[in-house]
Structures are given as structure tokens and as C-alpha cells.
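Chain naming follows the written order as A, B, C, D and E, and within any one chain the residues start at number 1.
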């Protein structure tokens, strides 16, 4: 009868998730199902839930995972398929890009809580002062020009802030999509690492030069949080990062909330792929849980249209979890939110199944959806970060990345 | 004391501790050994059979292996040297007569109570952050460019953090040791015409050797296992990947249990080399 | 040396020691101060030291967000339980080593210590599997047991060094007086070793309290101690220094307070038989 | 009752034979003192009797019953240790009560015995103190009190006075002697101080390297030491042992003469020598004399004061009946 | 040279005056012993001379020069500590060499002096051992060796023998006396053992509570103690002090008579008493006699053996010339 059931949810400690925890009482009230939260920092969460799922530890009834894990775990049969969600939940309302990214073989394995792509956020006031105008689809060349124009060390303003922090989901993701926008790719169709190709050298050199010239001090350790706080303190002219950041840079904690503009992530001139990614934090149910029904009930609640409205009613439309549902973008109230349209456009501009200029054997834009990727990409991004910090040259970093990648692929038996 | 009865009683009373620790050592060790000879990729079908020594070969030939060993030893030695040198000096200072000795001692011990995670978080964000960190403010105040501690000087920064955590331990052990130094010996040396420095080097320092050994032993045990500090601050980037961090990456990030287990076996070997090396000294110095 | 110390020298010592002491303590002090600031004050340049609007808002935010009480209780239970269990197992073992030494005593002791050198990350997987097998995941008892095992070598060693300072003749006297092994340990040895046992308890309580790998990896919600609590405050989005400081302060405050009240025993406890 | 018999008792530590097989009888009510140089096995022997060490071979009988395999608690013996071995965390009262508590004696009886013991040992005022608050002599008395209340078959003492200073030592020596007179219980007492042995013992057992050199009453040992070792060990200052021609005159390999049995004269005598150090105690003078063939220096004890100085020539005459003769094997002749 | 003069030297620890202002002269080459009960300030006085403690007031002169403010190393004094204070991590050779090394003496000279000292002290075979591997007596000799090589103006000894056992103590006592004879260097020696003081000293300084009770040669102190304290302190067994009517007969508040100055008889004598404990040492018998008015028990020392038993009635006669008379103020009369 479920009157005293308790479900345990592992989740990441970001703003939207923490906000959801605040509304859990409502869920418990409605259903009588109690909820235990295990809130962890992203990297800790990932290693924690991965250990649990691979060993069938069964500690969690719901796990917060991303687009990277979902297809792999789904294929292994470790997740409960979400193919019997209620009619009122309206699965078809989920943005197609998200639904594809969270499915394996057409079966949905995780429900997106919110989704994101990446885009350019810039200071309209500084842009104006510099006498430039941001196109809605800028190129890297324009970005560099604008960064140069806005950079003002005397005022402690950096032309541009970008992620450099090691970690596949941090700087690794950013440099991968930057690579995409320069025509680079991780692997050729035979799983040979491609870091020895000129496109990578171009991309990395461009990034390093841009950041050394106009980026903040110590950008090699800056990730999403660091850049967010820099931008909110008015220390960045531009910031290219997750679309979810839009609600923060226009929110209460921001000192520049009134002067933020948005544009699509850039591409290198002549390359059709843009530097934007696709990501969703989604809720999935590990196979074998004793509380499958209750877990499903929770997922339906947390990723429902009603939840979005609940948040909107309490905190305003700008703060609802974005990027998951089509209906949200059709909502006239939400369309008033300044970054709504650009977010949707960015999401639509990303295609996980065709991320690069040259064909690749993998799915995923800012990641390669194979189990070995997280570890390998983290190591690669560490080499890149060392190059950002000036501890090695771009060439050395690329050579090491090439070696690490090929070693891993050999160990895993791809080659 | 040592009658047959007491000896057999002793054996019985040792048993729980010995059996538990033997189990705690052997069970994981055997499982680790087992995994290390198998291709075990949880995300790709789990245990895929015997591979012989492939994992071992792959682990040592990996470009990260020797740097990781070097990093491990750098961290170990760096922290040991700092904590012991500063510990000795601090212990001597704290041994002097002064006002408020108790309070000062509390201040000095305090870092020992701080969880490694907390200490890493606090140092990383509140002090070493190149934009908002206190050091950055300080540097700017003096007109200098703030340093990105955790990228430009990652290893020294981690050594600093870890040393900060372990300095109290070293100081306290050394302080107690200094207090146990027979004052007549110092007086004898004084009568013999030894200056303050001579007394320190010829009398006090040799007296401290046993305490220093203990500091080295205990700290080594803990330092070889340092993890949280690196995980939180650099995530192994900028040359701060120790052997145990490398194993973490293999096991948890790359989800290659076989390879990681082989790494674990290497770590055990390294630990034992260090241990044997230590035991040699300790064996001599422990009574 | 009992020679008169001039006040001048004492003043120099005092000044030097206080400066260094405060320097070492500063990171903790600063964290505590920061926890009472607003986020904006927390990162303001130049930093504000004491003259800011003290607020406890960060604490209420943190309290609202997580069930601090449960984390705290788990920490206390796990640290306390593992230490107590360890002591109960270690006392007989240390008795044996100290009072019925054999040629192998030192080897056994060093072997015990060497079990602490097993790299935790290397054996996480096996241990996790074992824990699943025995249904011990996210279970305070399971965790208590593991932490007991981790700290047991240190406990045995510390007790051994204390016991060795107790003259064997006293135990022999008890034996002559008709005490059996149990009475000997219960009525004579343990009460005599109380200061040493107290220090051992303290030190191991701290070590268990601060253990961050197993506590994080073997728990989920029910058994999670403060190390897991702080893990959820590691780099969330946005400006967070003040909240991080508040959470940090909450994680370390109990042990800090306990440590301060018992620093004498602790100082003794940290000697590890270094004396003599 | 407290008759203790050791039959072919042997003790080895590992391969080292500390006590070769040895027989010894201790009669009921006797005060037996084990003396001997440090490391000769006195404590080991006592601990064997107590049951704190296992015998390697041989039997220990207490009151006719084999006690070899009995644990210490079952032997009805009480022991007083050199370090007192008081329980520092218990009050004097609790210390004394401990053996009775272990025996499960009823409270009234315990209180009675504690009171008696405290009265006998002058401890009544200190019953509620901790051992740490007592002086050395008082601690020693508590240790004895703890032994007394058990009403043991025999008391074992291991150098109980060696931690006390000279003056206290003399006092406690008397107290223990008087206690023995009063209780008439067997006491086995270990010391390396021959004065203690002489003044307290009914029977002295002289040990060397685990071997019993002689057993006898103090005066027997003083008068007729069985060998050179006992001769040198008993008596203070030490007996002068003379080898060579002087000994040959008495048909002996070595002759011995105690310092108090030599006459000193500045004018004439049997031997001539030079004064080395002269120790003036007021009551006596110990003169160390060099130049006597076969014995250098020879010690002489003169009563009262003798005004000789370093370098003086003196003449010595031994008292003939008190000359001890020893053969080449070190044994007493005749 | 080694003449030490203390002029109105005073020492306070905080507010506690441990040594009230005091004058003392120690002549070159003299062997001066400080005796007194525990806590009377002997060590403090020695440490003041050594410079290990600062004087609160007064001056210390060494060889006529004011040394009050000199650091210990500059006073040309060597000290031997009760705990030996050897450096445990250095070999015997290094221990002995340490003061010379500190003085920067050249190696050849160092070796020579070490060799001489080792020969003199019988340490040659042990030069490469650590102190931990030596017996108590050997350690003591190393400590002395370390003092000798500096060729100091004076040696200071703080209870150097109190950690040794009785037999060794006698031996080392002699060795130190002989060393003094040989070197003829001033020695200041602290002990609480009056036998040591009597046998070794040229001059004894008796201290009580920081105050000098008497200074004099051993025999002066034995014969004419200036007061009851000195009378009781010097001599073993202790002087019997008698108060009441017996004392009044001699027009004194208290009379004192040493045990060796009393005749024992079983038939007649001045005082009648009952034998308590009789301690038979062979050479002497100490008899404790009860029932003498004003002094219970009275100790008597009889030469050789006296066959008295517990409970016997005996008669005692003091030797009249050796009766000491003390006034109500405790001071010697006449």
C-alpha cells in the first residue's frame, strides 16, 4: 500500500536539484512516499553511483545521471525502461534531442530533469562600449575580436572567460566541442585517436592564445562555478558555457543581471559544426530496486509539467528547470524569459549522432559514449590543463593525449 | 610473568585482533589479486576472463606510472621534511616558558581536527582561489599578480595543505619528546661548554630521533593513502597524480577493475618497500 | 634548566609562539568568520576581518538543506562505536604484547601497522562486493566495523605503548592476590591505564571522524556521516564561500570542541610512546 | 602452616639454565633469606615458589602437597614486591581489601581484617589515601598489609627495602622482624644486602649463579663459611683473602681473615704495610693497608679512632683462631 | 687551583627562600662534603656554585675572581650528576671527548687525555660501548672520566653513588677518594649518606633547611657536634638522645650517648632494660633495648657477638666522658 515507503535518491548538488529537494515535502504529502536525498558533488556522485550500479549494490532507488551514462547503462540492462509512463506525463513532450540522448535503441531510460546546451553569454554594456555588435551566430574570429575589445585589465575585466579545469565534464567537455567547431574529432572510424591531426592543433592553439591574451588569471583551474562567479562579479566580457547559467547570470546574485546578452556558440569560420554541446541531468531507476513503482511515481512528479508550474509559481519562470520539455518553450510566460529562445535554439543546433565534420563511430557531442571515455578524457583534459597553465606546450599536451587515448583503447580492446 | 598459562592466555587474547586484521588484509588482497589477472570491465560485460600479466604490464608501461610514483614520493618526502623540520622548531618554541602556553598549544593542534575534505575545500576556495582567494587579495594588495596556486604550483600547494594538517601531529609528538629530555643531560652539556646550538645538535636532536621515527612511520602510513586532498583540489591534474590517485582513475573513472587491481598490487608492493625500509629504521629505534 | 627566565625572554617567546599559533590556526578562524558573512562579504576585496554584519543566515540555509542532525549522529555513532569496539578488541591484544612478549611481538605489531598501508582505492571494489554480500551497505554497523578495522592497528599500538609503562609487578601482585585474568584486566590493568586509554579513544575518535573514503563510499543516506554531508557542499553552482564555510564549520565544530576540552589527554595520546 | 619444599627444581629461560636442579627445604615459621649477587637467580627462585614462573623441571611442595602446577592464586602465598606493586588507582583500604575481594570474603570480615592490619602497621590514618600520597615507608607497609590480610601460609618478599633510604631501611627491617616474631608465619625474603640477611634471617641461603652455596644460620655463615664465595659475601667490610706464601704457612691455598679480627699497631706485628685510605667513622676506623703480600689492599677495622694517616707504616697481627683456611677448590678446609 | 668562596649567597625560588644568605669557604684541594636530609638545599647550593642556578643575592668567587655572573661553561668546574647524565647516543669515547670537542681541543691531545682517563678509571675496554651497555658503576666512571679530561679547577659531585648498590657504592667511594688523593683537585661532594660523608670528607658541611649547622672535619663532627641535629645526623647507628630526669642529672636538657659508647652487661649497670630485637652481624651486635626512661628504644652496639635474646633483662652503662650535653635550645653545652 506504500504508505510508509521510502525511496533513496542520489543526486548532484547543483541549484536546480537542491531546489527540487525543497519541494520534496509536497511530493511526500501527495503520495505518502518519503524521500531520502544523497546529495553529492558531481564527480563524487558519478563514482559513487557507478560503483553501485556495476556491482548491483542497490543502495539507490533513483540515480541522477547524465546523457553519457544513460545509453551505456541502458544497453547493459541496468536501468528500468521508462516505457510505461502515464499518459498525463506526456512523454512526447520531452524535447526530441533530449529524448534521443537519454534512450538506447529507442527506449527511454531516464527522464530529463533539465537539459542544456551551451551558448555565448556576453555583456551588452561592454559590447556597446566597444562599439561592436554580437551576431546571433558568431564565429571564433569574431569572439576573439570582441574579447580583445572588451579586455580591460585596469578595470579587472577579462575579455573572455572559458573553462580550463581538468575533468571530462569540465574543461574536457568544452575543449571537445571547441574541437568539433574546428573540424576535429576524438576518433576516426577505426577508433584511432586523432589528436595528431592539425584540426586539434588549430583548436587548442586558438583556445590557448585566446585565453592567454584575454582570459582571467589561472583559467586552467576554472570550471563552471569559477566562471559563473567571475561573470557575476562583472569580471568577464563574454562567457561561453551551459545554457542553464543564463538564469544565474540574470538572477539575484549577479551584479550584471541587466546587461547580459546571448548568442549561439561559435564556430571556426568555414566549419559547419558549432561549439555547443548537449547535456541533461536525468533521473533513472536502477534495475532491481525494491521500490520501482514509487521511484517511477517520483520521477513522473519531478519531471512533470506540474513541477515546472510549481516552481514557476513560487520562484518565477526564469528559475524553472529548462531544456526538457517542448511545452515549456511554447508557454507564452516562459517566452518572455530573455534566454528562453536562445536556449532552445542551442539545444536544437546540437546533434549527438552527428557531432563532427568528419564521420565518427560514436554518439555524443562533448563526450564519446563509450565506457572508457570518462577516465580517458579526464586524463586528456589534465594534460590540456597543464598546457593552459603553461607547464607544457600545446604540442606536448596533444602528443600525450594521443598516447593516453590509444593506450586506453588498446586496453579496452577496440584496436 | 611468562608462565605456560599466561602464554596460552596471551595467544587467545591476541586472536581476535590478529584474525580480524588478517581477514581485513587477506580477503581484499586475494580478491584484488584475482581481479588483477582478469579482464574485468564492469561497464562492458564485467568479468571477461583470464589475461595473465597483461594488466600488470599495461599498468607499468602506462605513461602515467612512473610520474605517479615520483609524485607519491615527492608528496611523502615533502610533507615529512616540512612537518619534521617545522615540528622540531615549533616544539622547541612551545617548550619555552611563556604566557598562555595552553592556548597556543590548542591553536597549534587545531588543524588536526579538520577533516581532510574540509581542509582541502577551504584551502582551495577560500585561500588559494586565484580570483577570490585570500592569497589573491593579499598578493594584489602588495601589487603582485595573484598566483594560481593549484595549477602553477600544484604540488607545493598540496604539500602545503597536507603539511598544515599533519604539522600538529609532528609538533606534539616532538614536544613530548623534548619534554622528556633529561634536563641533567642538557646541564651536563652546558657544563661541558656546549653552546645553545651545540646542545641542540649534539644532545636534543639525537634524543628526538626516536620520536622522529614515530612521526615518519605514522605519517607515512597516512600519506601513502592521501586521496581526498587531491580529489578535491586538482583532481590529479598538474602533476599531482599519486599512485593511489592513478588507481582511483583506473578503477572508478575508467572502470577497469583488472587494471586498477594490478595498480593496487603495485601500490601494496610500494607500501611494503617503504614499510620494510621504515621498519629497518624503526626496528632499531623502537626500543 | 631551572634558571630564572627573564621576563623579556618570556615575552619574546610568547610573542613568537602566539604569532605562529595564530598563523596555524588562521585558516580555521577565517573559515569560521566567513561562515557568518554574506556571500558578497565573503569574497570582498579587500577582505573584511571582524567588522561586518554578522549573520547566521548561512547556517539556517545549510540546516534547511540537509538533515544535519542525522549526519552528526551517524558521525558520533560510527566514530564512537568503532573506537569502543576497537578498544575492546585491542585491550586483550595489547595486554598480551606488553606483558607476555615474545620474539615475534614487534613483528606482529609492525605487521598490524602495515595493514594500514593497503591503498583504499585499490580495494574499494572487493570491499563493496563483500558489503553487498553481507547486506552491510549504508549500514552504520558495517561502517563501524570497517573503521574499527582501519584503526585497530593504531589502537593496539597505542595501548601497547601505554601498557608497557605499567610495571608488570602490579599485575603479578594481582595474580598473587587471587585475581583471575578477567579480574586482572578489569580491576587492575584497565583502571590504571585510564589516561592512556582515554588518549587512545580520543585520537581514534578523531581519526574515525575524519575518515572520508570509506564513509563516503559505503553509505548512501541512512548511515552517512558528516564527511558525506560536506561532500554535498563541494563546489555547487554560484558564489558559495559563506555557505561552504558554514557547512565546514558545522562539520568540524563538534570534534574541534571535543578536542579542545580534552587537549591534555590528546597531547598525551599523540605521544605514541615517544617518551622514554 | 607453611612448609615449602623444592625438589630438583630447575629453571631455564630458553636455553639458558638460570637455576640448575636444586633442593631446598623451608620449614614452617622460619625466616629464610636468599642472598647473592645481582643476577644470581634469587628473584627467579622466589617467583618459582610464587608460581609466577613455571619450573622447567622438578617439584614444588607446599605443606606436603604438590603445588608445581597450581596457579599463583591457589598457593596460599602472599608476595611483597620490590616496587611495592600497589594498585595506584585504589585507596589504601581498597588495596588491602583486594585479595579478600578476589576471594569473595564477606564484607564484615574484610573490614575487621583491614582494621587489624592497619592497626598493626600504623596505617589507620592513611586508609583513605591513594598510594601516590604516601611516603616510601608507608607504601611498603601497605604492601605488607595487603599480604597479611590473606593470612597466607607464607610470605614472599623480593628486596622489599631496596627502594628506601638508609635510615628508613633500618626502621622497616626492624618492623618486618617484629612482624615475623608476632605472626610466626614462614617468610622467604630476597635481598642482596648481607646486613639485612644477617640481621633478619633464621636461615640464610647463599646463591651464586643459581647454585646454593651454603644454607645456615647467620652466625654459622659468619663463623664457618663453606667456601671463599660465602666467606667474601658475608660480613662487612669484606673478609681479607690472602693467597701465596702466607697461606701456605697455614697449609692452605687461601686464608681468610676478617677486618675486625686484625690488630693494628704502629710498632710491631706479624705483617707490615702502608696505610692507603683510612676511613674514619668515629665509632670505627676502616684502614686500607697496602703492601701485604697476597692481599692488596688489606682492610682492617679498628674500633674507635685510630690516628693513622695516608702513607704511615703499620703492623698487623691476625687473631689466629679466626683464620679461615680454604683449599685450591675454594672450599673450607677442616 | 680551585678555591671557591660563597659570600652571603642567597637563593629563592619565587618567594620561597631555599637558601638564606650563607658564607662558605672551600679551599684549594679540599674534599668538601655537603650532607643533610633530603630537601635541605644541598643540590641547590651545588648548582649555584656550578652556575646552573642564578644566585638571588650574594657573590660566588672562584680563585678570587667574581664568578657570580659567569655562565657554567666559563667557571672551569666539572660536574658529575646523580643520574650520570651521560649522552646515551654517544659512545663512551665520544662522551668523554665531548667537553674537549666543545673546547675545540686538537685531536691528538683529546686522544691522549681520553687514554689517560680511561686507564685511570679502568674504562679502556669499554671505550666503544654506548652508556646503555654499561653497568651502573661503569657509567659512573664514565661520568667521572668526562669530568677529569677537562682538568677543571674543581669537581662537583651531586650524590654520585646513590644509584649504585651497596657493594658497588663502597668500591666507588674508595675510587673517588683515591682519585682525590691523586689529583689533589678541589672536590665538592653532595650526599645524604653520613657514612659517605664521614669516610670521604676533609671537611663536612651539615645543612638543614638551607642553613649551615656545622662545618668541620668528620671527627670534629663526631666528637663535638654543635647541636642535637648534627649529633643525630652523624654516626651510625644514631646517637641515643635522652631527655628528662636522666638528662637533668647532667644539668642538661638532653644528653646524647652513642651506641658504641655503652657497655652492656647481664648482671649490673646504670640503667636496666629489656632486649627487643638483637641484630647479629657477626662482627657486632646491635641491641635495641626497651624500658630506659627518656629514650625508647635505646640502641647499643656491642663488639663481636653478644648472646642476648628477645626479652632478656640487661644493664647498660654509658661511658661518662662520651656523654654529650645539649641545652633546651638544642645547642651543645660547654
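We adopt the following convention: a contact is a pair of C-beta atoms (placed from the backbone, for glycine too) under 8 Å apart; a residue touches a chain by one contact, two chains touch by 3 or more.
Predicted model only: the values in this text are computed from it and were never measured.
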item: Chains touching both subunit A and subunit D; value: B, C
item: Smallest count of steps, each to a touching chain, taking subunit A to subunit E; value: 2
item: B-D or B-E - the one linked by more C-beta pairs in contact; value: B-E
item: Between subunit D and its twin subunit E, rotation from the CA superposition, multiple of 5 degrees; value: 175
item: Intercentroid distance (Cα basis), subunit E paired with subunit C, Å; value: 53
item: Averaged-CA centre spacing for the pair subunit B and subunit A, given as whole angstrom; value: 36
item: Rounded Å distance between subunit D and subunit E, as computed from the means of their C-alpha atoms; value: 26
item: For subunit D, residues that touch 2 or more chains besides their own; value: 52, 71
item: For subunit C, residues contacting two or more additional chains; value: 1-2, 43, 124-125, 129, 172, 231, 233-235, 240
item: Set of subunit B residues in contact with two or more other chains; value: 1-2, 132, 187, 190, 248, 252
item: Residue ranges of subunit D touching subunit B (in the complex, touch as defined); value: 51-54, 71
item: Interfacial residue positions of subunit B with respect to subunit A in the complex; value: 39, 41-46, 58, 62-64, 129-132, 145-148, 150-152, 231, 234-239, 241, 248-250, 252-256, 259
item: Complex interface listing, subunit C residues touching subunit D; value: 167, 169-170, 172-180, 183, 187-188, 191-192, 194
item: Residues on subunit D engaged by subunit C in the complex (per definition of touch); value: 50, 52, 71-73, 77-79, 81-83, 85-90, 98-99, 102-103, 146, 150
item: Subunit D-facing residues of subunit B, complex; value: 1-5
